[in-house]
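Both complexes below contain chain A, partnered by chain B and then by chain C.
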Partner chain A sequence: MADDNDVLAAFLTLSATLTGYSQFRLLGTGQAEPYLATTRGAVGDDVLDQLLTTSAAVHDKAADNEEALDRGLRAGILSDDKLGPVARNVIKMWFVGTWYQLPQEWRDAHATREPDVTHVVSPASYTEGLLWPTIGANPPGAKGQGYGTWASPPLIDVP
Partner chain B sequence: MPAQIDHAEAASIVYDALVVGSGVSGAIVARSLAERGLRVLVVEAGPGEELSVADYETYLTRFYGAAAKDNNAAYEVNPNAPMPRSPDVRRLQPGHPDSTGYLIQNGPYEMDSTYTRVLGGTTMHWEGKALRMLPEDFQMRSRFGQGRDWPIGYDDLEPYYRKAEFELGVSADVADQTFYGITFPPDYEFPMHGLPKSYLDQLVARDLDGTEIRLEDTTCTLSVRPTAQARNGVPNPAYDGGKGYVPVGAVSTHQVDEGGRCQGNINCVPLCPVQAKYNARKTLAASLQTGRVDILTQTIASRVHVGEDGQISHIDYQAYGSTTSPEHVTGSLRARMYVLAANPVENARLMLASGLPGSNGLVGRNLMDHAYLLTWALMPEIAGTMRGSQCTSGIEDLRAGEFRRRHAAMRVSIHNDGWAWPTGSPYTDLIALVDDANAYGAAVRRGLVDRISRQLMLSFMVELMPEPSNRITVDGRYIDALGNLRPVLSYSLPEYTMDGVAAARRVSRRIFQRLGAEDRTSYDPLDTGYVGHQGEGYIIRGGNHWAGTHIMGESSHDSVVDVHQRSWDHPNLYLVGPGSMPSIGTSNTTLTLAAMSFMTAEHIATELTTRPTVTIGG
Partner chain C sequence: MTLRRITTVEDLHAYLHIAMQLEHATIPPYLTALYSMHPTTNADAYRVIRVVAVEEMLHLTLAANLLNAVGGTPDLTAEGFVPTYPAHLPDGETDFEVGTRAFSRDTIETFLKIERPALAEGDGRFVARERSSRALLPGVDAHEDDLHFYSIGEFYAEVGEGLQRLYDEMGDDLFCGDPARQVGAAYYYSGGGAIVEVTDGASAAAAMRVISEQGEGLGGTIYDEEGELAHYYRFQQLLLGRYYQPGDQGGTPTGPPFEVDWEAVYPVKADAQLDDYREPGELRDAVFAYSATYGEFLTRLTEAFSGRPDLLLPAVGDMFRIKELASQIIRNPMPGAAGVNAAPVFRGLAPVEVS
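Moving on, here comes the complex of A and B:
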């Protein structure tokens, strides 16, 4: 990838597809850069580059055809030995702010890097997890919705 | 600020009372004595430099950043004053004690209950249910032929329950809390109105209210009732004959405006971020206002010394400067009265480590805790799970009745936090969706709602009778970083309790059937806490309601303390807290121990103000 902005843009494109949330919404969490950095730290530049290049190719090829995008993503990334586990980690990171250590199989085959340990990326990444708004709740211990709100049905916006 | 006094100065003063432990028991005794003009020193083993919001923010950030969010995740590991942590619990092999965690587990049942050793004690991370015991709970032997009777009854404790409800700031409505013999004086109001039932509670109530369940020969009619809670709600203007109630917010040496009403952060355990929930620092802060209380943190009471007259002569302490180094200084502290309020495990540990098992050998015995059975299901519709405080309602109708002759009673909580406790949801649901169900994009979002927002978890809190063989001991092989003996736990679940557990599982099936909820309960035999009983297996979780170990009674032959929580053996020594309870019924223990602390403080104050000063030898 050419420069940092391109890398971030590619990461956001992939993240939006993987999470079902718009790039705009993802940027709003302030976590795009830390998550990109965490992924890079855990898997290295080469794997990251390969993931984003493959993603760009899949997105380009599918154009606006959702079915084609789905098939391309499953064939090119999600079922790929090397890229699949990383993509799944990116999804989980967006939803709960935690980087989960990659499967041992992956580590044996590709790389065992020191930052690849299960950890919460930062206290802010925990509170910005997408899981909570997805289910109409707040992250436990933060962003309380206010006294008595729990008595009403949840506000859930399912796509 | 706790550190107004240094150890040398404290050691030079003979206080009216020395209180060991700054949890809710010790804090209430300290505050009550100081308000009656007495001079009190509190020693606290754990850290907590200031009663400050800054301290609190550190705990919160540590919690946000912790990958494993267990119930002590907010508190740093401190080898100098260690505490049990549930992830340390291992499946036990018969005959092999496990010393992985601070608590040595002798078995046969491995117990995952915890407590917290920091300024303010375990209420820093308690959940805040504030329940009175039922009148019949005080008479288990005479009414049901089980366990023990208390030397006092509900009516004796009732006025002190009201004081405790004030101190802890309980939100509840009298009409909701009047059941199975619980009475209030006419015109009584709780300090704050009850917290509203969650949407989930309302869905459960819609179908469940009025359902009849039989336990032995007792017919129980179920209804979903709001739970009394020590967290700030809407103040009741009718409180105290119309005087109203001002909620206590965040405590700090510099007052700031936090600690408002509960916002539904669903994080009462391990830490309420806005201090809407009561914690003992609120009482400690008030006690400091009297100017007659000194607090020494990072100060461990290490040995209790008895003089020739049988009175306590002094208590040795160890004070450490940093939680990362075992370096410490030692000395002795003196007072006219000594109050051990370090919690049931630590009170027993300290006595036994001081060579004081009691003249009848009962110190450390009759340890109790509630046995928790968790059952879980998926509701047929979206129920908005994961909102509100951990529990807003429960079922009280299985707590009382003649069936208690045959098996244990139980209380049910409806959990707003879903399956978090039994399965690790929502994290485990996310992982399963992404790694196993191969969902991504919109499918993850839909899947999360489908799997989490319909979760219903019922916890059954099953009572346990005092058994002398359930106990805390010490053993010279096991010591902590400062050389103090660690507590060794021997614990098994009696038949009476397990029969109650089996009944609880049957009741949960009935409830799920009534609600049309998909029962997803399963117990893995390889998991910690797995217990077989009459051909069925269950996972029993610890209730975190440590009690017993210095049980209260009418005679020095079969108990450790009298009705005032005063040691039968040492007249100037009081062992206070849940350790004194002869039975725990189906109430979380704290409101009762708070009431007992008020009662005891009144007694100690009378002793100190009407009797001549005790002359202390040595």
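Moving on, here comes the complex of A and C:
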């Protein structure tokens, strides 16, 4: 996965499966590249490559079978000591825009990298968090709604 | 050379319809450039373009108030109201095309042409050019279709003089419109300046003054009476990387410098059409849904300008939604075109593509 576009595509494939949001919606947040860069910075190229390679293999093997995909992800990634915590961090990052420092056991076992600290990825990542469409609300004070619109039903898409 | 000026109320209605069409036609290009910027980048450039776009929305509303005041009927859903980009502006400006394009130096150069200051007072405001089939709007006069205005400012100068001539002739009878159709401050707020309800000669002149001075400037000054910088010079700041401040001459701003990151931009497809989205999928659905949403929004504005100004309050929420949908589309790549991103299409409910 030397090509940047290939890495981004693989990251999006995994992210779409992990979050339940389509790649269109994920790209629509404008956060795919910053989240990929944040993940790479926190865990390093080797772990990232392993995560995405494993994800690609699971997706290939499952084809369009959702049950097989679910099983494969749980077995190959989410219950894996090294990849599981990283995948869970990616999920949290998409939903709330924050990278959480990996568990101490993971850091002791695999890597202690300086960028692996709890931080909001960017001001945009907070407002673009998937949390907001998931609960059917706008991020308070961060995305315009307009005077008096609280008297009307919400205008945002609920997936 | 003689050109028929505004001599009847019907002429004035036609001009004011064109004014609404013209003000609206600038908004999709400005919004596309605005939303093509990467999130949280280019704060200065974003603010400059946003302010101009919002002022065009004020001008659109002022034009609707003027049209309603003289007994006309605004219709933003009329066939041809929304241009198919790229398009020429209506008034003689066939030397450049306006389109929905990414934020770039070239795009700002085009915006400068849209907002260029008027050349001269009097008959010099008309230029004779061959009529383009891509012109946005009908010619000034069907019998002399090759005569057009050099700039938007000159177009409005003609509207202002026509209004005055008719007012001199007819007196207050000119303002026969139902005052309940006027949009006032209760329903139009913080949108690029004060709204003016038009009910007589003085308020009509005040509305005209806001449109022409705030927009393109007339008479060679860069600031208007309220001390606001004309649009042309606002955009010019982006190319020069420096703000104007009071006392400056056009072309040499001396205010604080600022950075413009021309690279932090999604390379959106220029002048995207619905036809560009043939591949079934979520992007195509989103672009078509956007177009329909935009059309519904124009329907709502038409209702608001037809005696229901209260509908402008929920329309503000619609505008934020339109921004969200456009941003999502712009951040997605165009399938099958490396290095090109998708762009929203501003059409309507029943999109018709003009080839």
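The rule we apply is simple: the second predicted complex is superposed on the first by the 143 of 159 C-alpha atoms of A that agree within 3 Å, B and C clash if a C-alpha of one lies under 4 Å from a C-alpha of the other, contacts with A are read in each partner's own complex, and residues count from 1 in each chain.
Everything that follows uses one rule, which is that a residue touches a chain if its C-beta (ideal position, glycine included) is under 8 Å from a C-beta of that chain, and two chains touch if they have at least 3 such contacts.
Every value quoted in this text rests on a predicted model; they were computed, and no experiment measured them.
K.L.:
Considering only the touch criterion stated at the top, classify A:Val120 as touching first (chain B), second (chain C), both, or neither.
P.N.:
First partner only.
K.L.:
Quick one: classify A:Ile135 as touching chain B (first), chain C (second), both or neither.
P.N.:
In the superposed model, A:Ile135 contacts chain B only, not chain C.
K.L.:
For A:Leu73, is the partner it touches chain B (first), chain C (second), both, or none of the two (neither)?
P.N.:
So A:Leu73 only meets chain B here.
K.L.:
Examine A:Gln145 and indicate which partner it touches, taking first as chain B and second as chain C; both and neither are also allowed.
P.N.:
both
K.L.:
With the two structures laid over each other on chain A, which partner does A:Thr29 touch: chain B (first), chain C (second), both, or neither?
P.N.:
second
K.L.:
Which chain, chain B or chain C, ends up touching more residues of chain A in the combined arrangement?
P.N.:
B
K.L.:
Can you pull the chain A residues that chain B and chain C both touch?
P.N.:
122-124, 143-149, 152, 156
K.L.:
What part of chain A is in contact with chain C in the complex they form?
P.N.:
Against chain C, chain A makes touches at 22, 24-25, 27-31, 122-124, 128, 143-149, 152, 155-156.
K.L.:
Which residues of chain A touch chain B once you look at their complex with the stated criterion?
P.N.:
Within the complex, chain A touches chain B at residues 17-21, 73-74, 78, 87-88, 91-92, 95-96, 98, 100, 118-120, 122-124, 126-127, 131-132, 134-138, 140-154, 156, 158-159.
K.L.:
In the complex, go through chain B and note every residue touching chain A.
P.N.:
That would be residues 60-61, 63-67, 69, 195-199, 202, 233-234, 261-267, 271, 273-274, 382, 384-389, 392, 416-417, 426-427, 430-431, 434-435, 438, 440-446, 448-449, 452-453 of chain B.
K.L.:
Over in the complex, which chain C residues touch chain A? Could you list them?
P.N.:
Touching chain A: residues 38-40, 189, 281-283, 286, 313-314, 316-321, 323-324, 327-329, 331-333 of chain C.
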